[in-house]
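Next up: some structures, all given as structure tokens.
Two complexes come next, and they have one chain in common, chain A, joined by chain B in the first and chain C in the second.
Now for the complex of A and B:
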């Protein structure tokens, strides 16, 4: 057995199969089951290690050559794959509940496979190309059948495409920097190119305007998936850069640039979220703020920064799944998701509203919920570095809290005659309840993430030293 | 371990009640299960006295390198009195519920028991991380139980506002810890610097409606006597518990906070004195007594905080739970006046051991107003039912529930905790008591002390709310600015604007690298 075939080839092939041959209900179950099985295999079977099961020796070999490029997944990648496919399984199982089209599962599996390829490919600069292909595959997810792409989708693909040449150019220049580290001019150019590439990929301020636009015009579940999957893999890609190039880690101004980009994103995302009147846009700005937190983690000068980063990434996946699923359910009743339309829906969709509230509170770092442990760790790191930075991050998260409170106020604003109803289906209720329990579980027992997190830092040899 | 046993007794009983409700909705012994669970929990808290002080440390969060502070609960001479008060109130709610009109296995009993368990955890929480988790639990329980029970747009809005102020209080506790870590301290109460300690006071004050002065919840609620009383009083005690663990060191900001707390105490006391009845006045009772607790904290006296918190629960609980007429009970209720008087060997005798300087006379006035209000409401039990029509055993259970709280008020003045057997600031207590007597006398003779009518209360609230209308205008102004920015960036020329910003950033970045 071969790791790249198992975690890249197989899901891609299954995605193609679902796309052309399967219908809605079965697609969700098949896609979810495949992703869950891949997650379990990644968790149980170490790559490149022979295991004796009964009398059969099993070994998953780590590498494969494809068109002259090598795809390599090592033992250290196991927990990462388990995390990615585990969260992807949750997304795919939720497809049926969210009433999203079956191509979501098909394209979702293909996107995850391509993005997994982006962390496996050598030379690793080819990851930029794979990210771009994945971004292109996202487009059919966001545009409904027989409809013209909206402005948000167009802007999304423009920005993702602009990122690629910057990253590729910087890679070419970085080779020069490695050869002659004293050449300050090349270093500055390479740093700037790389910074710009990642600014587009991470959608830093003001390049994030496509996110709220997309949340307004595209299906929330598909957009939520996009907001989970792309920043997660971009972060891993960025860690790869930081790990490989010592000068990137040791240049204070690069760390400062990441720090300020992160602060801008958290503060502006939180403040804008507090001032929105559209549930989808609020989710968009919350996701922006969360990506900002990820950048802040990257800027921390602590040996634990990879641990904190993954402590942020896992809850992010769950929060976005629960939030996007609940929004999809609400959207079937109130199509525009504007405050004026969702008023009083707490009594008609109590489970979905509770899920939105808890996922939102979790993103603000409300204690007891999944987002809290990572925020706590981040506060500890930030407080030591700068109180001003901490203040602005605090303001951003406070903005998210204001948005949560406003959302809640709108949902419960109803006359006394309105009776409690339960309009979610059983599948929707079960999915949402599992998600909400997960939010509490990760918030009260963050050690549940330890099996994934413990060995993840070994993926990056030089980071955090 | 004992802390865990007490809480588990309450939580397991909660679970049993919920299961009974599902499997046997009309089971008559459900009340026995509820009262039995509460009684056992109360006995278990008594047992703490044999082993105090002791800790309960839950398994540490991992990775340990990131989360060095464990989840820690401590039973000591301050936390015990609060835990005891909460568990006594829980039992009292069960005992007095026998006179309610709907006497079946109510989910509100389960809610009260769960709340009691959370109250014990809040009382014993011994570091900010633990307290954050407990506060969040209490707030979420309160939010969901209130939203499921209140009716009407305005009441729902009140519940959301109440939740938001509490959530902001949580935010301030987090900010206090950020300051603490920035100052080189660890994530615990003991090593917190002075500038961080002040934020703890503001956090507690915000949650209670003291900073800035506001009514965190409406007087109108369908959960009035039983669960409603528990919700209000345990919630307040949970918020105040933080101040019982910390010695607040004075800063330049302290006199300003003392002044604001006095304003809140006097306002709360005055409105409490003039409230039409005790249930309508309950929000003012909570604000008034909480303000006194905060004043104790600001004077550097954590024992005073515990004393006032305990009085808030026990004295208030007895008054708000008494739903039937009983002459002896009405008179016995005056034990509460003794408990609030801060006279030697009373429950609040240790309340004023700190230094309040020139603010002292105003504090005495606030205390006098609150005690006089209590006496007035205790002696004027209008609108209560009679015990005569009740079955025989309920005629015993109900007075026993109220009596339990009265006995505890006396008992805690003498034994069990660091504030017991105190002589305290006796001269101040005597002046406050004389003022109380004068106010009670005057209340029957002067119109100014007459109860405010319902529409007056509304007017007073709306006057108070005018401040918040200012914040709302500010918010709308910000929304307009943000809308302008968003329209620019998301409009037709958005990409050009973005690229312009980008060029700006590149030039800044390049200069930075140089």
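Now for the complex of A and C:
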């Protein structure tokens, strides 16, 4: 057995199979089951280690050659693969509940496979090409065939495409910087190119205008998936750069640039979220603020860098799944998702409304919820660095909290005579309840993430040292 | 010597085709110019990549032109037109002139920084990148956005071919080009297909 075939080839092939041969219900179950099995295999079977099961010796070999280049998944990648495919399974199982088209599962599996390939490919900077291909596969999810493409999706594809040349070229220049570290001109050029590339990929302020646009014009479940999957893999890709090039880690101006980009995103995302009257746009701005938090983590000069980063990434996946699923359910009743249309829905969709609020509060960093432990760790790191930065991060998170309170107020805005109803289906209720329990579980018992987080830092040899 | 002359001819072709893509309101002329642009880009790429690998870029480019052309042909004449952005031909020609001046001005410095690229390759690449970015800046029409992105990518590929010759990269870049063509076609067609329920399809 071969790791790249198992975690890249197989899900891609299953995705193709579902795309051409399967319908909604079975697609969701097949895709979810495959992703869950792959997550379990990654958790149980270490890569490149021989295991004796009964009388059979099993070893998952780590590498495969493809067009003269290597795709390699090592032992250290196991927990990361388990995390990615575990969260992907939750997204795919939720497809049926969200009434999303079956091609979500098919394309989703292919996207996750391609993004896994971006972790595995050597030289690692070729990942930029795979990220671009994955971004292109997202577009059919965002624009159903019966709907005209809006401005958000066009901007999304433009920004993702422009990122690729910058990253590829900066990768080539970085090799030159490594060879002659004293050459300040090349260093600045390479740093600028790399910064621009990642600014497009991470949708750094002001390049994130496509996110709220997409949340208005595209299905929330597909957009939520995009907002989970691309920033997660982009972050891992960025960690790879920081890990490989010592001067990127040690140059203070680069850390400052990342820090200020993060602060801008958190503050502006939070403030804009507080001013919105559209549930989808609020999710969009919350996701922007959360990406800003990731950037802040990247700028921290602490040995706990990777731990805090993954402590942020794991709950992010769950929060976005629950939030996007609940929004999809609400959207079937109130198509535009504007405040004026969702007034009083707390009594008609109590589970979905509770899920939206819990996911929102978790992103705000509310105690006892999944987002809290990572926020706490981040506050500790930031408070040491700068109180001004901490203040602006506080303003951003306060903005998110205000948005949550406004959302709650709108949902319960109805006469007291209105009867309580339960309009969610059983599948929707079960999925949302599991998600909400997960949010509580990760908040109250953050050590549940320990098996992943303990070994994830080994992915990056030099980070956090 | 002859090779250099042909390279400069390719640069002129690139300038003319990029300008045509930018100013033309007729999609047939735009796609024709894109096909010519891929031919000129192919020649510049052969200066650094083996002929077979360069051919991949040419064939892919022409496939993209065919995909977009067939899709656009199937849509018939549409009246979709940008109203917000400047549409005057002279504005666009001036824009392309500025791109050309910047490219010519920047090329010697890039040649100093990356010796061996060759001035025609640098100028050709920069013309396409600049032309593509200018195009993206003044349009929101789906076909034109696709053309702009393909133009930027073609320019980048010309320069990147000089520094990276891996087969996997060439293959993936071809995939990205094809993907953009298919995506452009999908977005052009999206919304023109009537909504069918699962029951209707069965």
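Assume the second predicted complex is superposed on the first by the 465 of 465 C-alpha atoms of A that agree within 3 Å, B and C clash if a C-alpha of one lies under 4 Å from a C-alpha of the other, contacts with A are read in each partner's own complex, and residues count from 1 in each chain.
Here, a residue touches a chain if its C-beta (ideal position, glycine included) is under 8 Å from a C-beta of that chain, and two chains touch if they have at least 3 such contacts.
A quick note: this is a predicted structure, and the numbers were derived from the prediction, not measured.
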>> I'd like to know which partner A:212 touches here: chain B for first, chain C for second, both or neither.
In response: first
>> Contact-wise, after the overlay, does A:149 reach chain B, chain C, both or neither (first, second, both, neither)?
In response: second
> Just chain B (first), just chain C (second), both, or neither: which does A:55 touch?
Replying inline: neither
> Between chain B (first) and chain C (second), which, if any, makes contact with A:390: first, second, both or neither?
Replying inline: first
>> With both complexes superposed on chain A, which partner does A:453 reach: first (chain B), second (chain C), both or neither?
In response: first
> Of chain B and chain C, which one touches more of chain A's residues?
Replying inline: B
>> After the superposition on A, what does A:158 contact: first (chain B), second (chain C), both or neither?
In response: both
>> Residues of chain A that sit at the chain B interface in one complex and at the chain C interface in the other, please.
In response: 151, 158
> Inside the complex, what are the residues of chain A that reach chain B?
Replying inline: 151, 155, 158, 187-188, 191-192, 195-196, 199, 205-207, 209, 212-213, 251, 253-254, 256-257, 271-272, 275, 304, 307-308, 311, 346, 354, 365-369, 372-373, 376-377, 379-380, 382-384, 387, 390, 394, 397-398, 401-402, 405, 408-409, 412-416, 420, 444-447, 450, 453-454
> What residues of chain C sit close enough to touch chain A in their complex?
Replying inline: 113, 129, 136, 140, 142, 145, 148-149, 152-153, 156, 159-160, 163-164, 166-169, 171-173, 175-176, 179-180, 183, 186-187, 189-191, 193-196, 198
> Residues of chain B touching chain A in their complex?
Replying inline: 59, 61-63, 65-67, 129, 132-133, 135-137, 140, 144, 147-148, 151-153, 156-157, 159-160, 163-164, 167-168, 170-171, 174-175, 177-179, 181-182, 187, 475, 478-479, 482-483, 486, 489-490, 494-495, 497-498, 501-502, 505-506, 509-510, 512-514
> Which of the residues in chain A come into contact with chain C in the complex?
Replying inline: 23-24, 66-69, 121, 126, 129-130, 132-133, 136, 139-140, 143-149, 151, 153-154, 157-158, 161-162, 164-165, 168-169, 172, 185-186, 189
